[in-house]
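What follows is subunit A paired twice: with subunit B in the first complex and subunit C in the second.
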Partner chain A sequence: MRGATCLGIPVVDGTVLTTTYATRRLLGATPFAGAAVTVHAAVAADGLVTSDDLDHACRLQARRFLLQSHPPTRTWRPRPAGLLWSASGMLLGLALVIASLGFWLPSLAGVWLLALRPWMLVRADRPLPPPPPTETPSLTVRRVTHQGIASLREVIARNLEDNLAYAEAYEVSTRLGIREAADLYTRLLQDPRPAALGPDEGVWLPDATRQREALTADPLLDEEVPARPEDDPDTIKPEILDADFDVPDESEPDE
Partner chain B sequence: MPDGAATFFDADLTALDPNGSLFRLDVYSPYPLSNGELSYLQTEFEAEMVAYARRLSASTRSWRWAAAIGLLDLIVLAGLLLFAVVNADRSFLIFAWAFAVALLPGPLIAINLFSHRRRTARARRLLQASFVSAGIGQGGAGSSYMNAIWEAVEHSSRDRDILTLERLCRINNWAAGLRFYRSRRGGRSRAHRHRRPGLLRALLGRRRPRYASSIVSRGL
Partner chain C sequence: MMRAVTDKPLTLRIPLHADAYAVLANETRWRGEFATVRLPYETRVLAESQLAPGAWVRLTAFTIGSGGEGGVIWIDLASPRPAPTEIIAGRALLRAFAADSSERRRILSRVLLHFVLLEYTEDAERTTWRAPALGDDIGGALVGGSISSSPTLWRALRSDMEQSRPSVVVGLRDAGGVPLAGRHDGLVTMPVALGGLKTGHLLASLESRWRGSLGRFSTLRGYRWFADHFAATPELSTSRFLSSLLRFGEYRTRHREVPDRLAELELPVYYPSTSSELRSLASAGLLPAAPGVFWDVSRPYGGDPLTAAGHAHRHLGAFGLTALATADDPTRRTNFLLAATAAAIVAAASGEMA
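Coming up: the complex of A and B.
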């Protein structure tokens, strides 16, 4: 069972759900099949993100980084000293075979050094197979509250200007040691559109309450539109109606 | 920290062994922590632990093959030296140094891998280890160390430089804190050092402790 963490970092009018850097490393080292992962979605305790959205975004992010996982690379590369040792052994083996002069012991040692030992070294150089998975693959999302994220939400909420909010939130996230938030706010200070973030940077979730407000607050549906004063013919100023327009007479020839 | 606070991990990765049970991370903090912060810390530690175990298990080879090669190398070396000594033609003795150079590293490598076989087996078990949810450390030595140093810091009118904090840890006999401040004073975290173990240390099977890197926040 692996424990991953996603952060619901507050932005203006929404939340960006991003995985922590440690989670990316952890999921990158976890095989896609055979891993039971619990994703802790750390958000502010204000309920602005619906559980369904959070669950969906967390699963997307976790699968994204699980798919990027790679099998263990071979870090045991032949070192120069090892190659020199192996080559010198083969050379000595050849010399022993040639110079054995019919003695069976040096010729046997020569065969060992020349052929048998290199073959065994190649066999020994194979990495040990990874331990077999013991868990049923699964992905579970659990919502948890994060005090630092709540502080960032307050900062974002009390600033009206986007850039000001992101600048202050950057400072707070640095102070709190949330590197992911600091990097996200740096990115948003350059381009304040959370929808334009790359898939690795996070998933933008607009605030549920604001979405609802946007849907229900259509003035054409719910509210009576006040008439504009310029639309009423009685309010049109008479001097505009009485205005004279000088139209040049085009029939007169030029002098 | 002089300019804020840091979270560091006291668990030595080379000594961790799940042994069929679950791990639990106890977090000692002077302030209450939310579940999100606890899971953040746990993921940090788990990622480092898995990376360490994966690196170790991928870079280590079977000690059985190495032992077979080392044993055969030793037998061949002994046979060749015996042959050179007992043979009437002593010209073979001139090449005794070449026999040693070609055949002695095998047994030494085998001893090295054999001495590290437990560490490798532990690392493979770590890959399958699981955690229960991290919790707040209650009582015990960790709590008392933490409270002692924070009380000293809050009641101290002097500047909080690293040396003062290190001295506080020494007074309180807090080895983990002492190690952390030493590593910060050294300019880099000791957890990130990738030094190859010395030959003697490797032959004797001594392990160098490894710790997960710390998380630093600034300006409390």
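Coming up: the complex of A and C.
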């Protein structure tokens, strides 16, 4: 079981969940097949990221860096100097076999140089197969509270301007030694849109309090289905009332 | 001797030429066409969510067909960030099955097709699409096969999948130009449950199985060993059927052991050609079953659960496939996704995935 760490770095209107650089290196050296990893998700204690969202994003981040693994492997390539050495040995072996005139000792040395030694050299150069995995593969996520991340959340929350928030958060993250956060804020200072972040830079998650709940698979969206009593505007959850629903123009004829 | 029409093998080709690609990529032209294209489909909006602030996306399901012996084919085009190629592949599929042809009618009488498409809403801010990963081995391509990164969208997808009870789930993903597999059009992975112990030993011994005489790498020997070893496994014949369709479309129906030379009109699918590629495949939990088709055995119960195919295989017992387009050219990647979908639909409608 390997331990990994993801950081829920606060940004304006949300959180970017990213994997620490140390974890990237650790997971990069672990084969994906059969990997058992426990991801510690470090977030602020404010509950702005729901456990379900955190679990989903952490698993995807762990999967990403497990798959981008580069296990140290040796590949067999014919080396010119080695080949020349082997070929000269084989020639010498052939000469010994011919010149031995039936004497067993030089013949044996000839056979050794001609066939056995090159065969052993080729065998020795081949990489050993990796051992079969012994763990039960799994990806587990545990939520942990991180004081440094909480400080960053406060900085983001108290600044009204995006750029000011990111500039101050950059300073704080540098002071706290959170390199991943400092690098993220540097990117956001160049372009404050989380939409412009690369896939390796993290997964954006909306704040739970601001999240406009998705219009889930619901007959509400099927035009043919008659309205239900619970669809009455008075019974709609308050957070849905903030949504910008398009009001159809009644002057247009129906299709 | 005349054969009844119903006995003829099914064929399905959805090629997309550069001109058609440009038409489907044009939002204004597509919007006009979509009004007609959507008519034969039962349409349902599954969810709306944000991939980033302002980047609103809409997840829509389009259903067509009658669902006979071929069952329900659930086609997932909802990747973490919708790639232009995936959006265009989705539009091309909608257009293809809305068109009236006797072959399409034959297919639709046997299967029910359920396309789940993710597109940006009209006024949404677009996220910048980049290749999902930059790794230089096969893992870089596999990263792109993941489920949606938005928890809200994934919940909606999962709920729809459970309601649809699909027999086949196909995930279509643009993996971008992958350095290792960039000269190929792509590959298909299929979750297969072999059990933990067997999987571990198979992956550990994969390299030695692909060595011919004198210890040199041999593709021919590898695929022969695989065919002999898994002769009794039903997934093998499906893999070979899919491989034949993916490699040759309608031009060849007979399976060839190893692609010796790529013929004209043959889709150049990915297959390992060196020992180091086999090591990458083993590390990612993939077994090369047939050219272009790999068994995903990264988990003992069968495949990566963070792909739609792996999730459906484990939780719904469905047959799962993930098609990963890896070519350098976007049009080729779109065409690979369409070819993979066509292969899966023909295989399901022909009873090859039963």
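Criterion: the second predicted complex is superposed on the first by the 177 of 255 C-alpha atoms of A that agree within 3 Å, B and C clash if a C-alpha of one lies under 4 Å from a C-alpha of the other, contacts with A are read in each partner's own complex, and residues count from 1 in each chain.
Heads up, the rule we're going with is that a contact is a pair of C-beta atoms (placed from the backbone, for glycine too) under 8 Å apart; a residue touches a chain by one contact, two chains touch by 3 or more.
Just so it is clear, the model here is predicted, and its values are computed rather than measured.
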First, second, both or neither for A:92, with subunit B first and subunit C second: first
Contacts of A:22 with subunit B and subunit C, given as first, second, both or neither: first
Partner chain in contact with A:194 - subunit B first, subunit C second, else both or neither: second
First, second, both or neither for A:109, with subunit B first and subunit C second: first
Contacts of A:63 with subunit B and subunit C, given as first, second, both or neither: second
Subunit B versus subunit C as contact partner of A:146, first or second or both or neither: first
Subunit A residues contacted in one complex by subunit B, in the other by subunit C: 73, 75-76, 123, 126-127, 130-131, 134
Residues on subunit A engaged by subunit B in the complex (per definition of touch): 1-5, 7, 20, 22-23, 25-26, 29-30, 40, 42-43, 72-76, 85, 88-89, 92, 103, 105-106, 108-109, 112-113, 116-117, 120-121, 123-128, 130-131, 134, 144-149, 174-177
Subunit B residues within the subunit A interface of the complex: 4-7, 33-37, 39-40, 42-44, 46-48, 50-51, 54-55, 57-62, 65-66, 68-69, 72-73, 76, 79-80, 83, 87, 92, 95, 98-99, 101-103, 105-106, 120, 124-125, 127-128, 130-131, 133, 215-220
Complex contact set, residues of subunit C against subunit A: 44-55, 80-81, 125-128, 130, 132-135, 137, 139-140, 142-143, 146-147, 149, 151-156, 159-160, 163, 196-197, 199-201, 203-208, 215, 274-276, 279, 282-285, 297-300, 304, 306
Of all residues in subunit A, those that touch subunit C in their complex: 12-14, 31-34, 50, 52-53, 56-57, 59-60, 63-64, 66-71, 73, 75-76, 122-123, 126-127, 129-134, 136-137, 139, 193-200, 203-206, 211-217, 221-222
